[in-house]
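Quick one: the structure is below, and I'll ask about it shortly.
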């Protein structure tokens, strides 16, 4: 398939218009390689290990959620140089879907809701809220463990969730007003936890967002490359 | 003691000049009450519970690390109104030491280093680095548990630490260059963890900073009011 | 009446949409007190004297034109601390209508036009213009005296007026083009007076805006608290 | 005298370094005419009437306090075009001294202090403070009348003054701390009057600043052109 | 004709709405003179020589493409003072059409296309593209010579052109995509030439834009004043 | 030689401190390759042709004057992707000296002055001025021809020059005041030419700056790769 046709397909899956303004120039075809795409790999981040495996798999295209070129750069040195060398030498394309995939149908938040068997979901400004039949311990288990619980959870029948770094005061207020019992996201800040109107489950960024990439890979017949950060918890 | 004299003493403990620029207008006497200070309470945050206890203790002055008036405001409503009502009605003063206390001698980072029996410490741009004889499990224990470990810790004889939210890429690089084996701080971000040059221990913001406030209270004969966020971990 | 219902009524009187952009966050419920409103006071400014009298009158709500929290603040000290203490301790609400009330029907400019018996008024970008049958001396008298006249008034049959600080060059030009003989407002600047296309009557800010608050109080059955600045003129 | 030499003399009288930053590009030689200067006129403002009289007087140079080109312009139309035509056609130079003359020795504030027989003066951030033997009525008389008094003057033995528009809250505080009983300046604002720590005398901008220009003209043997705004007060 | 009527006619020729945002305040009546217009001169730039000739021709109005007041000014000195003196003393109006005339029908680009006998033209974001039957040498000849050719021209049957300084990378890309063989404009930059997707002919700014002013003068019966910069080429 | 040592040597030749602020992050090691440097190539620009030849020459390091990563980027596509692929695949380093080399001893302007046999040179804010014994035709010849002359050159005994794009009004004024007869630089703008106080010779950017790179290559024993833009002039 020509890379233009591939991009056309991707833009149906995660329309660029859905992205936040701060993603401008940081989604879509972020590294340009071969024009002919036959083998595709998929991962959450374009880490050195992921790129190495994609090269071994002779991929022409790597689809990820987080761009490795977030900060605009005028020099290619250190870690970024190594990563770009691996991609460009292999003429591998790198395609990024970020907040547009968070919001897309069957995107990050939909996949997470499904993983947690959420029902009757309705959207939040970011993420969604739905009926939950799992206990916090079961939620933790489905997410691979290593979660932290802020505040006291008495019931968890209405769960709000936002993949990625979603512990924003206004989002917490919105979820609270809409009847959430618990809010699930990643990267809690002290000041936010202190004044949160509802208890929160903090999981890792990776375990909240990777399921959507994995589901997409399965659906499209791509190779999914798993590369979770090494994380361990001491209670 | 007159409030002016009290402020003079505090400015010796944590000189305002040491503060970051972003703390301008947000440290020092943040709520003005009685001019005569005889009873002082001390806490990490001015939470409703802390203020309530300080009122019960008939405090004239409450000393904290985090200002409750961080965002400049043109209206007193909701949570902030309640907090200000409690303070102003009681004519209680509120005094804030933030990044100036982080950097002060016997301040946040010094107290944390002492808690962890760090030796031969030398300063970093923020926080410090020193020789450590504790294992990660022992570190976790002294911090009250609930820590997360990012990456693989092989040895922990040189520990870098930064009280508060200190997982900054440039700070991690500095610690790495200075020979640190592990970096201890709070509020890890996914993107930072992914490219950290060394393994990290992520504790709660509270447990890293509260020891300094507690030590100060003991030293000055003030009442320390403990109010940790409710935090629990599922491994 | 519940405070929410009260606010709803006020937003009909002075719709927030009418306000200038610079009033964002500085109008509406500016200090939050009791939820149940039975006694309302009204004044132009929330001065210490006005708040004191409102407290004596056991008001649950004070409605004013000028917010006392104009400059965004990160500390409550000095005069502002005293004022907020008085309001919060009494659990009194403070509601502000500013440029939205200037522009509202029966608002600041309408009340001023009525006070001066202006007829056939038509709106300006700010304020209005109309047919006037009073002499400058009579205008001064109705405004309580203490006015200054810039330039030479030959006739005053078409009077333009803008409550508050309205001597703006573009507004003066607009009034001139629309046939005004004289422009009435407050807070004249030297550079504006020097190049004004028409003679001006400068009254005090207070005497131009207070009539509207007083009329509103009468209409709504609230207690109006008069607190003009002490002003005296030596010709 | 060559215009360069004339400018050199002026820069001794009012060193450009003394000016506020906002005067950058707006003081000094603001309109360039003949290089040879033999006849000089002087006024507070470059009004059409002033320029006309300077032309009649065959002046080569007009020295004023306020530039007529305050707002940066990309077109010469209307009033400004007329003024520039009169100056340029006559090849008259226009020289401006503004905040540098306010602060200069024998400048605006010194001249005003002398006019009011102030003694033992010491400088403020802007203006000065000194011992005063005049009553408010006598002050008004020396200033040509038309003054407004804000607040209640009980005594006036320590008078603070600032030529021009000097009713700034921080300046009022400074004067108050330094023991002033009364503050004299021009262009009072309602919000400033409301919270002023001391009573104020508001005179016209012109009558506070013109004396310095007149004194300079006398000293240098130039023709002073008086052009006060037409101002009248109804008590 | 009254100057208002004249301006009305000009705004039909080059509607102000067509201008780029950066032309705001810099087009239209830029120097205001007599209200009655009977004699009009026209030129590309308001140079001293052009203004001198317009004065000799007793013009009431001078129409040009480039404003002499591009940089907003707070002083009239040096070259600008001389130019403004000449215009204002003669009460001559100065009218500017800039990017609005570039884009106007029969404006800068249309006149240039006609001069080069371009056919089947279609517009670009700036300038146009059309079928060309001239060789580069013939193009140079019609433009008065002194052109530089960047890159290798193999054929020139589709010519893109932009009067003025139009060598912009995005414009070059647009022309390339639309099938241009060559791009003609003025003021080439090294970095642009290095990565241009097609060869370029660089002529002088003057020779590209003057034809439109000359054509307009002829059409309206005005006197055209030619004042090209002295330019000579050493191959 | 280790790349660190190489950079150390380069920073003696063109100290980074000499660079303009806008070069921050755009000079020095701009693409990172091998750590061991044995073969160095040198050119003015990192064009595709230059990089290709450097690869053929098995260079470990390419030293240029203009960075190919001027605009900060968040994607590697199109031309830039091709260039980076060629450099990174070959593990070639790219080192940039820009305005720091313009100002360095034996840098861009010194080399140009020597090429034109300028004597008794003294520095300008940018570039230099010196005694010249060549005619404009001889200057053109030494620069490889293709120059344009703006204005009328009567004598050329004092020549001012600035390598690169140096036709700046303030620089022209400085050269004029210092007695220059002619100013030599690249990339003349119409508005600058119109008001230049002295005649100008406009050469290509390349021919003014390449000599310094070539001289440096000879001195250091590197291979110089010449790649002038294709430029031809029709008088």
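In order of appearance the chains are A, B, C, D, E and F, and numbering begins at 1 in each one.
Going forward, a residue touches a chain if its C-beta (ideal position, glycine included) is under 8 Å from a C-beta of that chain, and two chains touch if they have at least 3 such contacts.
For clarity, every value in this text was computed on a predicted model and none was experimentally measured.
The chains in contact with chain D as well as with chain E do not exist; no chain meets both. Here the chain-to-chain distance from chain B to chain D, counted in touching steps, is 2. If you match contact pairs by residue number, over half of those in D-E turn up again in just one of C-D, A-B or B-C, and that pair is B-C. By the residue-number overlap criterion, the interface of chain A with chain B counts as same, with over half of its numbers used by both chains.
Centroids built from CA atoms put chain F at 31 Å from chain E.
With centres defined as mean CA coordinates, chain D is found 65 Å away from chain A.
Centre to centre, using the average C-alpha position, chain A and chain C are separated by 53 Å.
For chain E, the set of residues touching two or more other chains reads 70.
Chain contacts here close into one cycle, and each chain has exactly two touching partners. The touching residues of chain A, when paired with chain B in their complex, are 45, 47, 66, 70, 79, 136-137, 140, 145-152, 165, 186-191, 193-195, 204-206, 229-235.
Remark: chain A residues 25-26, 28-33, 67, 69-78, 81, 84-85, 88-89, 91 touch chain F in the complex.
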